[in-house]
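The following block contains the structure, expressed as structure tokens.
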Amino acid sequence: MLEKLKNEVYQSNMQLSKLGLVTFTWGNVSGIDRKKGLFVIKPSGVAYENLTPEDMVVVNLKGEVVEGKLNPSSDTPTHTVLYNEFPLIGGIVHTHSPWAVSFAEAGMDIPALGTTHADTFYGDVPVSDALSKAEIESDYEENTGKVIVRTFKEKSIDPSAVPAVLVRQHGPFTWGKDPQQAVYNAKVLEVVAEMSYHALQLTKADIKVPQFLLDKHYYRKHGKDAYYGQTNAKSKIHAKKI
Amino acid sequence: MLEKLKNEVYQSNMQLSKLGLVTFTWGNVSGIDRKKGLFVIKPSGVAYENLTPEDMVVVNLKGEVVEGKLNPSSDTPTHTVLYNEFPLIGGIVHTHSPWAVSFAEAGMDIPALGTTHADTFYGDVPVSDALSKAEIESDYEENTGKVIVRTFKEKSIDPSAVPAVLVRQHGPFTWGKDPQQAVYNAKVLEVVAEMSYHALQLTKADIKVPQFLLDKHYYRKHGKDAYYGQTNAKSKIHAKKI
Amino acid sequence: MLEKLKNEVYQSNMQLSKLGLVTFTWGNVSGIDRKKGLFVIKPSGVAYENLTPEDMVVVNLKGEVVEGKLNPSSDTPTHTVLYNEFPLIGGIVHTHSPWAVSFAEAGMDIPALGTTHADTFYGDVPVSDALSKAEIESDYEENTGKVIVRTFKEKSIDPSAVPAVLVRQHGPFTWGKDPQQAVYNAKVLEVVAEMSYHALQLTKADIKVPQFLLDKHYYRKHGKDAYYGQTNAKSKIHAKKI
Amino acid sequence: MLEKLKNEVYQSNMQLSKLGLVTFTWGNVSGIDRKKGLFVIKPSGVAYENLTPEDMVVVNLKGEVVEGKLNPSSDTPTHTVLYNEFPLIGGIVHTHSPWAVSFAEAGMDIPALGTTHADTFYGDVPVSDALSKAEIESDYEENTGKVIVRTFKEKSIDPSAVPAVLVRQHGPFTWGKDPQQAVYNAKVLEVVAEMSYHALQLTKADIKVPQFLLDKHYYRKHGKDAYYGQTNAKSKIHAKKI
């Protein structure tokens, strides 16, 4: 079942590895079929070089395995929460990419300091609160999803406009309309984390970009007035910006 | 038309990718035929692995597409301004290379701290002012070109002697006598940004090089008394310095 | 003799090189056969590209060469001490990986700042005391082993729970149940050193993770209640975490 | 003439590129035949991919070209001074490797902070004085050699014990008993510059290693009591340390 989606999720997992975002097996991608209410996710702890499309695991929106011989990613309950609470997203990525993790460990948002950031993220990428002892000791991975959702609600951030979060003391989750876009956003996040880190070391001045720059860059790539790229773009994941 | 220039611009775009200066499609190179008053530029949002010489778009000095099936780079109006205002340049490069972007985000010039810098840039590489709300909301890309030109005029910098700029909150543009040299300068800029960053973290002393070192290094590579390299150098882009 | 173990140690040495943990020949891996009381170690100063499984040297727990045409690693006395004093370990790795060395040179523990760290190291990775003049001038490599053991005793750290140390002014040693796991731990150490470095530069706040997060992450991967990965995992070294 | 040495110098130049120490053509290696009083050096500004052993240029100890169709490296006068003033060295390397350049630009010695440094450099790697206006305007490259020699004399450093220098505002030169060892030292210098940079950012404590550690590490690899490596080592450049 869901052969096409399984292949797409498989390819996106492999792309994650090729983009230099994972050490060992520390990353996972999932994608959802909204009509069927099922999502496909990488199995737990299988090396990328051994992974096949058939290894992908099918899970329903209660987080139950529907098909698959292998255990799904241990982060599956986090993905389940996000698919239930963010109804517009079609793919999710989790990595331990080092620049994004450094901000998560420091407990700092990745501030919007330039157009590279604004092209993909319509504002600062938020860091979540730390999980409490109770949240960690029971239903840990589910609570990881809940703290992400709470972060976006409390800060009134639209998850479609800022498709990424840093879970404090842990690392980044990103999402998108499909698995490929979620992978694209995971790479952009790592790149802007690196740029922001160095800019913040160079100066103590307030260097956040103004709202009108965020508006300009975000909307020239998103929504009905977007004017980037080609209608006949050959590869969606590469067609985001010149 | 302009088949030779198209191929040159195509090769320079591919070189940009090989030199590690671009993530996804975030870079573009153009080159101009001054006699015909036409320039050739990369199409918008096409992945490097899918790019062909035929995809290049021909544009006139009003910024109008003269030939090409694809949309030109969304930065085309910036290139148009630069070709009109800097009559000696033959090629332009724009990237989001991370070290140079970090200085652009911090709003800092890349200071001339050593011979690696002085061999290519005859002084600090300036950061432009930030664009105003009005400049961003209308004719944004054209105004990006204008703020670059304004920066060089206000600071009395010769764009042939310092063939690079950082657009504040955005990133670097470089240029040269042809597309290959503009690519070469884009790489040098990234390397000297990295070196300067680390030197500035190591010490708070004033470590800018004196004018006579700039003179020596710049003029042993440029102008009639240059004594670097070979007259029979096999590859212009590699023949800049031992 | 010990052909299987020699091959395993050879493969682990090659893996060390592939994971980007060594410059030139600056690294070594050993593995022990506890029943026979013999361990196998890389010869001294042989380039990775010339190394063969037959080059591995067999050493007893007094540190004497039992078989092998080449000199064993000059760090052999350090390995001997660790195998004698840490009876549960089956493999040892030494490298000069740059991020870990930077902490060793700064004389600082690598603090546990996130889940990437807690998944493998149940607490801070300790830096040892510096060796004294007497300890360096006589039996230097043996004393390097002794200072590691002393560090774990004085700080009451279980070497099975924190399978890594930084020898001050020198660099990291890691270990594991077998050579592959020791290599895995050497890579994790380098990655968490890099992440911790950047987090520590971003903030002066106390960002150490709480004990309950260490408990959660460590025990979901270790011991009888672990729930990570697959029982049918294809590659042990890659099966540590999704 | 000198075909064997030309090939050796050619191979060492290619090695410099493979070790990631050069951008474009910014590096050169030379090697000397002390009996004949002639040295062989890379030509100026030829790309590594186009270089052949036959392109190497033969120069005498007055700095005059004896054989070769191409111009020698513009740094040839610097090499000439070093071969004349440091009679024990057999090969010289110059690069613009970024970590070493950062210290040169900051005007700081690379301090000896650990065993990685002490294994190759018997003490801090010194930064030279800046060249004066007069020294730069006339015989610049020769004066670069002279300021290196002056630095070692004034600080009473033995160039055989510390085979590297940072020319202030410029970059590193290294040397060795032959071109391969000079290349090896150029790589070690870059690695220890990176490690030292990060250690210096982590702490403001005095973390220089004591003299007895320098003695131990330097002399276990150099001189008559050295006990590293194999007498039957297959590759000298890789046989420096386990």
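The letters A, B, C and D name the chains in turn, as written, and every chain counts its residues from 1.
Operating definition for what follows: contacts are C-beta pairs under 8 Å (C-beta built on N, C-alpha and C of every residue); 3 or more make two chains touch, one makes a residue touch a chain.
As the structure is a prediction and not an experimental result, all values here were calculated from the model.
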Mind listing the chains that sit against subunit A and also against subunit C? none
Self-contact between copies subunit C and subunit D, residue sets same or different by half: different
Relative to subunit B, the most remote chain by C-alpha centroid is chain C
CA centre of subunit C versus CA centre of subunit D: separation in Å? 33
How many angstrom lie between the centres of subunit A and subunit D, each centre taken as the mean Cα position? 46
Could you state the distance in Å from the CA-based centre of subunit B to that of subunit C? 46
Going through subunit D residue by residue, note those that touch at least 2 other chains and give them in order. 201
Which pairs of chains touch each other? A-B, A-C, B-D, C-D
What part of subunit A is in contact with subunit C in the complex they form? 23-28, 42-48, 50, 70-71, 73-75, 96, 98-99, 101-108, 130-131, 133, 136-137, 140, 169-171, 197, 200-201
Using the touch definition from the top, list the residues of subunit B that touch subunit D in their complex. 113-116, 184, 187-188, 191, 194-196, 198-199, 201-203, 205, 207, 209-210, 212-213, 216, 220, 227-230, 232-235, 237-242
